[in-house]
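The letters A, B and C name the chains in turn, as written, and every chain counts its residues from 1.
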């Protein structure tokens, strides 16, 4: 602050009282698009004002409020209180179906846990991508279990409490067996031996054949 | 507010205490340049909050401050106190001066709304140019209301929330001098006396006559 | 009328060139004439009512007390002057002038008790009301514009904080999906893509074509089974499909009004016939 700013100027009215100065700083900072330095604020205020004092009072006033008077470098600005930052986020929840690969992998882990990656691949007939397992782990539905005591000591995968919770199961043993699935009509395929040439359908082409059929029914 | 918004939801935590809700509403409204309706505010708050109560408390808190909580129709916004406008003169965006035709038309719409174009013309004694209404609509001060249920079903014009915001009105009922004008009978649409000059005094029936006259007076 | 600006130089109605202009071409004469036309800013008025309002102010009385008779005189004088200055007034100014002249004559004459419609006084009162209302709206507009306006006296938050839209993906999978996926895997050897086996299925379209072709011969009640295609009666699965399709086809034809269907009782044979003309 230069001398001139604070020196009483006989040509001007006396400066407004401090509460009024505080109001003024409040309005100026509220309306400003950028943080403002004390000097810039002073330039806007009537002569003889003491922005430092007004800023102090204003800062104290907003203490604990939803909005705070924040110091930004040499300047001042109103900012949302840090603990209320979550209000500035509008969360849009988008629900998406789990991919077929992820669903199958999850199913295999649930039915066969603890299961190694190689075993999952054997059952699925295709390689399991790292991303699929990562996604399931991130969803907290799958976690890494103990290492298998076999050559190479591969890690195993198991389902989590969160998984059981999400699918409403008390334990993984509650998962229905194949016979029950069939009885419940959940097996879409026909019973074998209905005049279809084996090897024509469903052999070796894991993802592809399935994906084709599936396209007819659901968008993934 | 519908029942659902206020009904306690057993799946959620209890709503935060009122002072905390007040902080939240403060933060939300401070962050927005546009007025926000109670519904919009509620959507951002945790479940079970009562923005109405928080708004009441907040408004009282800012009473007399440099920034005030203003009601704008059904919405709320923080605005600097009108008496401090001189401090922000630098940030005044020089808006194009409205023509007399535009300001008169705006006043007629505000005080007589919903009002048809023929009625505006009846009051002004001159055709309303398309440009005038376009300008007011573009400023977002006027919008098209419901059609009048009279022959020809002419559209009506009404003022908007942005109009209220711009002119610092809580509602259209707060227009200056409204009561006096109404008491003086100047807001009634008195049927024009018969035998008056045709076409000049509202016998121009609806849109067609207006549109025709308008071509003649495009420059206002 | 396509162009009616308030001020248009009036073309000289009487081509009577002044002596000093003799010898100039007609075009030059017209140019000189046009230059002589005095331009008065009539466009400063927002129509005849506005002009009347301005004139009424010269009476220096409250609008309620304005003398319409005097106002009419002032207006007519103005229009005369504009004519003298060869200012072409817009049509509505002239319509107003004619109406005021009429009103003036009515006001001056003793009232005719036989006359229908509003009296001259009522018409004058309505004009006064219109002037007062226009004036009120004009004042209201001025008051409105003088309010503490946003962006001039009141300001919004200069640095509004943006609301971040956070996209959260909730992955959905139900137990059924899980079990299906597993079942699919475990029964892969028996699994095949779902494909409709049409070999033993008669479609409704096929049946419809067939029944349409045959119905012409069925003037009398004929059993539905008679319409089944050959070779479809023996195998139960084929017969089932053919019967269903044929029945559906006859229902469709009945709906179209082509056939009638009859059944004596529950599970009794269904018979159909062409609808009698």
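The rule we apply is simple: a residue touches a chain if its C-beta (ideal position, glycine included) is under 8 Å from a C-beta of that chain, and two chains touch if they have at least 3 such contacts.
Protein identities per chain, from UniProt: A, B = Condensin subunit ScpB; C = Segregation and condensation protein A.
Only a predicted model underlies this, so the values are computations on that prediction, with no experimental measurement involved.
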Set of chains whose contacts include both chain C and chain A: B
Chain whose mean Cα position lies farthest from chain C: A
Central chain of the complex, centres being mean CA coordinates: B
Gap in Å, rounded to a whole number, between the CA centres of chain C and chain A: 46
Separation of chain A from chain B, taking each centre as the mean of its C-alpha atoms, in whole Å: 39
Between chain C and chain B, distance of the C-alpha-averaged centres to the nearest whole Å: 23
Where chain B touches two or more other chains, by residue: 30-31, 44, 78, 80-81, 88, 91
Of all residues in chain C, the ones touching two or more other chains: 155-158, 161, 163
Touching residues on chain A, where the partner in the complex is chain B: 22-28, 30-33, 44-45, 64-67, 78, 80-81, 84, 87-88, 90
Of all residues in chain A, those that touch chain C in their complex: 27, 30-34, 77-80, 88-98, 100, 102-104, 106-108, 110-111, 123-125, 135, 139, 167-169, 175-176, 178, 181-182, 186-192, 196, 198, 200-203, 206, 209-210, 212-213, 216
For the chain C and chain B complex, residues of the former touching the latter: 1-2, 4-5, 43, 46-50, 90-92, 95-96, 98-99, 117-118, 122-123, 126-127, 129-130, 132-134, 136-145, 147-158, 160-161, 163
Parts of chain C lying in touch with chain A, wherever the complex brings them together: 155-159, 161-194
